[in-house]
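Here come two complexes built around chain A, the first alongside chain B, the second alongside chain C.
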Partner chain A sequence: MSRFFSGLRDGVGFDILLVGAALLFLLALAGAPLVYNVLMSFQQVDMFTLGALFRPFVGVDNYVAVVQQPEFWLVTRNTLVFVFGSMAGQFVLGFALALFFAQNFPGASTIRGLFLVSWVMPGLVVGGIWSFILAGDYGVLNVILKALGIIDANVFWKSDPNFSIWAVIIANIWLGLAFNMLLLSVGLAAISRDLYEAAELDGANAFQRFWTITMPMMRPTIGAVLSLGLIGTLQQFDLFPALTEGGPANTSNVAGYWSWQLSFQLYDFAKGATVSVMMFLLVLVASVVYVRSTRHEVRG
Partner chain B sequence: MQLSKRGLLASLAIGALVAATPAQAQVTLKVWSIDGVDRPGIADVYAKEFDDANEDVVIEYRAVPFDEIVNETLRAFATGNAPDIVSFDNPDFALFSSRGAMLDITDRVANSEIVSKAEYFEGPLNSVTWEGKLYGLPKYTDTIGIFYNKDLFAAAGLTEPPTTWEQVADYAEKLTDPANNVYGITFSARAGEEGTFQFLPIIQMSGGGADKVNTEGAAKVLDIWKGLIDNGYASRDVLSLGQWDSTGVFNSGNAAMAISGPWEIDRMVEDAQFDWGVALLPTIEEGDERSSALGGFNWGIMANTAHPDEAFRLLEYYVSQEDRIFTEFGNLPARGDIALPVTGIEKKDAALTVFQEQLQYAQPRGPHPEWQKISKAIYDAEQQALTGQMSSMDALNQAQTTIDGIFN
Partner chain C sequence: MTRTYTPWILLTVALALAAVYLFPLYWMYVTSLKTGSEMFANPPTFWPNNANFGIYPEVWARRAMPTYLWNSVLIAGGVTAITVVLGTGCAYVLARYRNHWIDVGLFFVLMLQVLPASVMITPLFVGFNQVGLLNYPRTAVVLAAAAKAMPFFVVLVRATFMSVPRELEEAALVDGNSRVGAFFFIVLPLARNGILVCAILTFMSAFGEYIYSKSIIQSPSLQPASVGLSGFLGPNSTDWSSIMAYSAIYVTPILVAFVILQRRIVSGLTSGALK
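Coming up: the complex of A and B.
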């Protein structure tokens, strides 16, 4: 008995205890809801069975019904546009800013710190602010664009089906930019200065140094940033109710918001669960790609 | 020792019970409503009065935000913690009443000396009725009409408000003044219940309803509305503005007409620096059938209440105080037997007279247990037509297919 307890304090028992606690936590708070969600997507759910675990089984009916919704393909397209548009914008601009602040000019770290303000702001507040900026008749962005002579007539960012999804993407890029920049800055700081000096001595120009030193050395960081970006973008919710509510006519509706709408506005919990399972599959594919692409990586 | 300890605990527990309950046996009623979240309303104020006046009943009042009340109640009902009395927006009521979650109060109302079913307007009463039985009572009601800026009308040489939608388009053209940032009209075609709230009356005017949306008349009015937006007589942002913000544009003098309801009157009296009036919602052709939206909340007792008698007494108290709801909270009673007091504010009194008349034409949304899905089909179609993604008729046909799937 005492051996068991001493094992708990020091030895294999302790290791198992730690792993077990983490595993239990994961199973209870991530695994169980996930299984419950998948289960729900194969069931018929109404208000009387909302609290139950076992409900009438309907096979793939919910999946068929979701795909047959007239807005399904539009939402799929919007989700892809939103995810890749946001990720590309956040990553490219974040990388550019990270490189810029890596030049260590006076005040660089202070200004870089200020950029984090956008990241600590709640999504709803960011959405509210962008809602003012992107307003059609009295929006700030339109005033600026008109003064610069870029547009003649007001652009109705939130109400024009050609722009509505981009209105949310613009706000989302702004929101996620600082986070991307921060992670990439950390990656840049970890690259040894010696490499650049040696390359410079050998006569490599700035572009060559970027392409042959920075990019390869940053690969693990970039992989992490992109996968986190994918997850962060797919779970983005706050901006939608604050800006467009998925409208006009679902032209800015994405899977995450649609899933919420189905569950909590249309009270069709089974279909809401079905859409979120579909999203989960998308993330699963993306993370498999990510894991495979970084597995054989030689980490510096 | 063990025994005396237990005895001590027991006497403590009894003591606590005695301290908590006065001499009479008390009944606790849980009441949920959106009132009291940002300002006092009917539900919380009168609940407290009832609590103070009745020794035998304790009211546990909970203010739940508008966006959460249906979800909260669904969850609470599923887990057996539902309130005794709850107040829903009228289109949400059928979700509960149709599945037996609300108590059938048909007989109680028939025997009541305070509640008189005959006095209620037909629209609100329909929204608490399911298969001929009464599952609740209207709490208050509202509807929509067309506000117009009399100063801008005079400047454009117009004297009377428009009576048909074609006239609306004609007037809007005359009233639009881009140089002064004035739109002819503003309304709400938002992707949500407000969009349906303003568009469903058009479908009803054309002889359709929630079950039949692809009518010629509805398509015609949608085309007119699309023209308003495309020609710049209305802002394209009507597609994302809610009614409150949309009417704000009217109040600041930047739109000459606005579709909205009586909840705007008090703010308009304060904000609008011009002469204004209200008219009935225009019809499709001159002299055509009228309709308007029916807003407002309903009361209901939940079916699993342990104290139906006390809950109904509270409901009766709410009903008995309905002559106060307009002066105290600006809500319109859903009954014809309560004359609204004259406020002395000329524009307000004139507007209320119009809205009282409009209420006779107001038709409920549903009632249908899957109203929210029907509503989404309707506002999606409206937005598809107004943004030109589909022709009005095609958009309405698509909505009809979705709706047929819900009804069958």
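Coming up: the complex of A and C.
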């Protein structure tokens, strides 16, 4: 017994205690719910069986029912548009800004740091502000776009079925842009100046230097940033209730928000669990890419 | 001749870009001060004609903001406490060794980092219902949100521990310290700043937490400020000056803290998230 306690104080027992406490907590509140979620997707879960320990199994009925919902394919399409639209916008704009702020001028890192305020803002507040900016009648974005001559008539971003998903994408790009830029800046800063000087002496122009030095050297960073962007976008929830609530007629609904609506607005927990299992499979693909791309860095 | 001007031109462009990017924040503050008709004016005014500062105390009282904000502080404080107490030790062990088991643990943590809250909320709600935790809704939200925040915290703090030289800890052990002593008196003080920055980041994100609170907490007197805001924010909102005043009161403390700690936060993030 005393060996056990001295091990806790002075040996491997101490490590196991430290790591075990955290992992047990995570196992109970993240691992177990995940398994429970899969279990529920094969059960009949309604208001009557919600508190029951054993519920009737229904096989794949929930999955069939979810796929047969009229909005299923619309939501699938929206999820893909939302994910890839947001990722592309965040990455391209983030990369452009990172390249700009990699130039040597006074205050570059301080001004770049200011961009990150978007990242610490509560998502619901960001959604609220963009909801006002994107308003059809009196939104400031329409006024600016009209003044620039880009559009002739007001675009009803939130209520036009053709644009509603883009309203959320615009807000999400704003939200995630700064984090992308920051991570890409770190990658850019790690590239040796000597390479550029050597290329310049050899007569390579700016475009050639970008294409033959920057891009190849940035490959691992780009992989990690893209997978983090995918994960961040799949985790986005707060913008939907603030901007469109998935509407009009589900034209801006995505899997995460739909799953929540099924569970907490229609109280159909089985279907909510089923949709989130489907979404989890998508997240799994993203996380494998992410873990693979950060493995070397994280093991350090 | 032109060379010497280039940095200043770049600085001007940078300031312009920052102004465009931060415009939504400016718009929040300006809109909160506008009165009824000016809010919907076309073209909009970019500076309020007669600023109505009275909206702040009015919204503060009418929307019961002290209660909501206090709940936000309680929830964020609870989440941060659990995350720091459990996560720091875990990050330390994952940074200290390199073997097969550590790889498995890291993989587990990284996988949990990617789980969306919208996937977790359904099983958490049903599970909490079964074990009776829904009767203590704020505690339930704290537990759920801490599990969400911890993996990210562990990954960031682990990078901090990696930068603490192993030799210092080994020297302490040679001098007769126990492992516990070396951890608390040598390693922790050296990693203090990194841990503090990550704790602040955890607090900030838990302060804005929405989905768990919205789903789990039914009673308005226990809800945090995010749920309070959602009560009058939606696709058809019109009371914009109140929404913006509420938002401004809600986020200004976060923004001030961020601007003060900006340099540390940025360096903490860049060393952990990607390096």
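Methods note: the second predicted complex is superposed on the first by the 254 of 300 C-alpha atoms of A that agree within 3 Å, B and C clash if a C-alpha of one lies under 4 Å from a C-alpha of the other, contacts with A are read in each partner's own complex, and residues count from 1 in each chain.
To be clear about the criterion, a residue touches a chain if its C-beta (ideal position, glycine included) is under 8 Å from a C-beta of that chain, and two chains touch if they have at least 3 such contacts.
A quick note: this is a predicted structure, and the numbers were derived from the prediction, not measured.
Legend: residue contacts after superposition of the two complexes on their common chain; A:L188 is shown touching neither chain B nor chain C. In the overlay built on the shared chain, the residue A:V120 is in contact with chain C alone; chain B does not reach it.
In the overlay built on the shared chain, the residue A:D137 is in contact with chain B and with chain C.
In the superposed model, A:D46 makes contact with chain B only, not with chain C. Using the contact criterion defined above for the overlaid structures, shared-chain residue A:V58 touches neither chain B nor chain C, since it reaches no partner.
Judged by the touch definition given at the top, the superposed model places A:L266 against chain B, while chain C stays out of reach. Legend: residue contacts after superposition of the two complexes on their common chain; A:S159 is shown touching both chain B and chain C.
Within the superposed three-chain model, A:A32 lies in touch with chain C and out of touch with chain B [touch as defined at top].
When the shared chain is aligned, chain B and chain C each come close enough to touch A:T244. Taking chain B and chain C in turn and counting the residues of chain A each one touches, the greater count comes from C. Residues 50-51, 137, 158-159, 244-245, 247, 264 of chain A lie in contact with chain B in one complex and with chain C in the other. The touching residues of chain A, when paired with chain C in their complex, are 9-11, 14-15, 17-19, 21-23, 25-26, 29-34, 36-37, 40, 45, 50-51, 53, 97, 100-101, 103-111, 113-118, 120-133, 137-138, 140, 143, 158-159, 174, 177-178, 182-183, 185-187, 221, 224-225, 228, 231, 234-235, 237-238, 241-245, 247, 256-257, 259-260, 263-264, 269, 272-273, 276, 279-280, 283, 286-287, 290-291, 294, 297-300.
Taken together, the chain C residues at the contact with chain A in this complex read 6-8, 10-11, 13-15, 17-18, 21-22, 24-25, 27-28, 31, 39-44, 82, 86-87, 89-90, 92-94, 96-98, 103, 105-127, 129-130, 143-144, 146-148, 150-151, 154-155, 158-159, 162, 178-180, 183, 201, 204-205, 207-211, 214-215, 226, 229-230, 233-235, 237, 240, 243-244, 247, 250-251, 254-255, 258-259, 262-263, 265-266, 269-270, 273-275. Only residues 70-71, 74-75, 77-80, 95-96, 99, 101, 181, 189-192, 235-240, 249, 254, 370, 372-373, 376, 380, 383-384, 386-387, 389, 398, 401-402 of chain B touch chain A when the two sit together in their complex. For chain A in complex with chain B, the residues that touch the partner chain are 46-52, 70-71, 135-137, 156, 158-161, 244-251, 261, 264-268.
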